[in-house]
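Each of the next two complexes has chain A plus one more chain, namely chain B in the first and chain C in the second.
Coming up: the complex of A and B.
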């Protein structure tokens, strides 16, 4: 089932021209996209390509100028659907500090269910369940600003999970984190996906794309390609055009392959790749 | 530069006072603050001091941190004491000044015993006021305090006072102070790296040097506010309508005991005040 459908969606920001007149700056243009329930989709593109605008269109923070966004069968442009749509889409943004509404972890996570009007005993239950899912239960009584970036972002994910959404959108949630923090967040995202959550990962780190079901590449506000990670990595011309690069290991593997080595052209594991090459060289020497 | 700014002065301990309901603590602190203005004699000040000390002991907060709170009002204390000593005349015409000095004709400085007494009482009153309220902030986290304010202001909803929004603003402010301090610190370092000079020159020059800090801070503040608004909207925030709250505040036996003791004590204070008013000649009530 398609959980999210975008039909010919365009969105423009208001911008001021040099002579002071109001013009428009492009956000996204003519995007048609659908996302399968339970899938793990990556949305990639370099800065300013419209990824974040697209994310905000998904939960009606922005409404399309033309076209329709349908979430779980609900049209986002109808005001009465707003609450229901946001209940179904958990959103985590880039800067963990700017998403914290309370100065205690558990109260921050409780913000969502409190807004939904969930009864008091169930709020605590949801909060601890969400904290368990991201592995942060031990920090429930802590103050978020003393945690690491990865931990803060996991709290933000817990905050989204406490609403019990069907889709989790990570809008560049790993961009401000160190490699360790990024790994923490990605592990949580993949774990949730295995439990049935639809995950939309917006990123410009191609390494994060490796384990996704499908990749959507954006450039200049348009969707320019969609496919499995391997299909995207193989399309060198496309990657050059949009200013992205396949992960180093994959790139090396494909170059080795082109140079006549008998290795998997899509190898993701640097260690395995190294092993294979050594093996082959050893055999050649013999 | 701002690293040692600590907001709130919560002192972590496991005590009777810490476990009390924040609403009760807030109300009793208000009672204390009002009550202290009904203390007119040194004897009663003695009673209040004993009361205060007992509370401090029960709260297991170090005396030092309670006294530290007075540091902030030292200037005020000295100023009010000096003004009271210099400008209070005798209690009646018969009272002779203890000391007088006339630097030039038509201008005399006279110090009366009455002025000293008045200054002393005011001093005690201010010191106890600040100490009393610092016990509240030492034993209650800012978060609890916010919840207490929200809960106590609830009746104001009848006159359409936005109680929930007010409490939310308080709690957002609290949670953003650390990151704003961090950001200020970062901007200062960035400007220093570009050769900005904050430490030399006169007052005006130094004040001007802060403009390049304030502008990025303000711009950053707006950006943060927008991101926060988006994050709140994404989490289904729709204002106070039908909102529930995870935290339940329950009164326990502690609150009843403390409330009873405090109310009894201050009833005593008010009674003594009334007696002093009625029979002004009972000297121990007056001095």
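Coming up: the complex of A and C.
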């Protein structure tokens, strides 16, 4: 089932022209896209290509100027649907510090369900369930500002999970984290996906893209390609056009393959690639 | 008697070696000292960085990296130990901070958040103005800096910095620091949040300054791949101490140590390490994908003969 459908969606921001008149700046233009329930989708493209605008259209923080956004069968242009749509799409942004609203972790996670008017005993249940899912239960009584970046982002994810959404949107949620923090957040995202959550990951780290089911590439407000990570990274011309690069290991693997080495052109494990190359070099000597 | 014995224990203040850009001796720092929240952030840092080096500083969050780099232009004053930056004694009572900060350019994380002026030109000139440079000269210096970061002066000078793209904003912020023509450039995660193209633009600019103008670069980074490809030397901070200080190739041979510190082994290092374990040697200077590829192909040629 398609959980998210965008049909010819355009969105423009208000902007001022040089002469001071009100004009518009493009956010996204003519985007048609659908996302399968339970999939793990990466959304990539350079800064300013419309990724975040698209993300905000998904949970009706922004409404399309033209076209329709349908989430779980609900049209975001209808006012009575907004509440339901926002309940179904949990969002986590880039800066962990900007997303903390309370001074104790469990209160922060409870913020969403409280606003939905969930009854008190159920709030506690949801909060602890969400904290368990991100592996942060032991920190329930801590103060968020004393946590590491990765831990803060996991709390932010828990805050989104407490609303029990069907879709989790991570808008560059790993950009400000150190390698350990990034790994923590991605592990949680993949675990949730295995339990049935649809995950949309917006990122600049191409290594993170490798583990996704499909990749949506945006450029200049438009979706310019969609495919599996291997299909996208094989398309050198596309990558050059949109200013992206395949992960280093994949790039080396495909270049070695092109030079006649008998290695997997999509190899993502540098050690395995090294081992395969050595094997071939040894055979040469014999 | 007591006086003489105590005097004999005093360690004489060491003088920085010649050609040292940064010289730290037993540098210690504690946040909130003498309070229950005291946190020992730096412990006995001993370090010499020569002029013209490109040093990467890596380590887990909270390892002391930022505390250390904030010492370099005296945003944090020396608590104990010695620190010389460009021959200036920062442990002295009154170091010449103005001169120091002119020579040590500091680019913080997400520097574009610090843009504030109405126009790009005014923003880049802000620092110069504060250092008392007159208007005409400011203009030429700002022009040089903006062109250095690859922006067209006439096109961009009157724009609002807030109308620019993420990569452009970051370059304007960099220009604001570079306009002062610093001899040491300290960058705290200069590529965080940028897309791949923006990353390589910023890195090649920093590399250019280092190679062509001999600017000493101190770069804090979480991206081991960019550290591996750009730095001449990597310093790993752990719990406020220097755990490793080595060339990138030497450091990333220590795979299990790197992983135990929750850092990543760069992809090309992992590949070369595997080759080395199998007796195939790739020269240490080969670090980018294309260099490693060329060396691997050469190895195959050598075996074909």
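Worth pointing out:
Keep in mind that, in the parts below, the second predicted complex is superposed on the first by the 286 of 286 C-alpha atoms of A that agree within 3 Å, B and C clash if a C-alpha of one lies under 4 Å from a C-alpha of the other, contacts with A are read in each partner's own complex, and residues count from 1 in each chain.
We take it that a contact is a pair of C-beta atoms (placed from the backbone, for glycine too) under 8 Å apart; a residue touches a chain by one contact, two chains touch by 3 or more.
The model shown is predicted, which means the values in this text are computed figures rather than measured ones.
With the two structures aligned on chain A, chain B fits next to chain C without clashing. In the overlay built on the shared chain, the residue A:87 is in contact with chain B alone; chain C does not reach it.
In the superposition on chain A, no contact is made by A:188 with either chain B or chain C.
Of the two partner chains, chain C is the only one touched by A:179; chain B is not.
Of note, the Cα-centre angle with chain A at its vertex and chain B and chain C at its ends comes out at 70 degrees, rounded to the nearest 10.
Of the two partner chains, chain B is the only one touched by A:97; chain C is not.
When the shared chain is aligned, chain C comes close enough to touch A:247, but chain B does not.
Looking at the shared chain after the overlay, A:158 reaches neither chain B nor chain C.
By the touch criterion defined above, A:259 reaches chain C but does not reach chain B.
Annotation: superposed on chain A, chain B and chain C show a minimal Cα-Cα gap of 5 Å. No residue of chain A lies in contact with both chain B in one complex and chain C in the other.
Of all residues in chain B, those touching chain A in their complex are 142-143, 168, 171-172, 174-175, 178-179, 224, 227-228, 230-238, 242-248.
Here chain A touches chain B in the complex through residues 56, 59, 61, 83, 86-87, 89-91, 93, 95, 97-104, 106-108, 110-120, 123-124, 127, 143-145, 156, 159-160, 163, going by the rule given at the top. Of all the residues in chain A, the ones that touch chain C in their complex are 45-48, 94, 148-149, 172, 175-181, 204, 206, 243-245, 247-249, 251-252, 255-256, 259, 261, 270-271, 273-275, 277-278, 280-282, 284-285. The residues of chain C lying in touch with chain A in their complex are 60-62, 109, 165-167, 192-199, 222, 224-225, 262-264, 266-268, 270-275, 278-280, 289-290, 292-293, 296-297, 299-300, 303-304.
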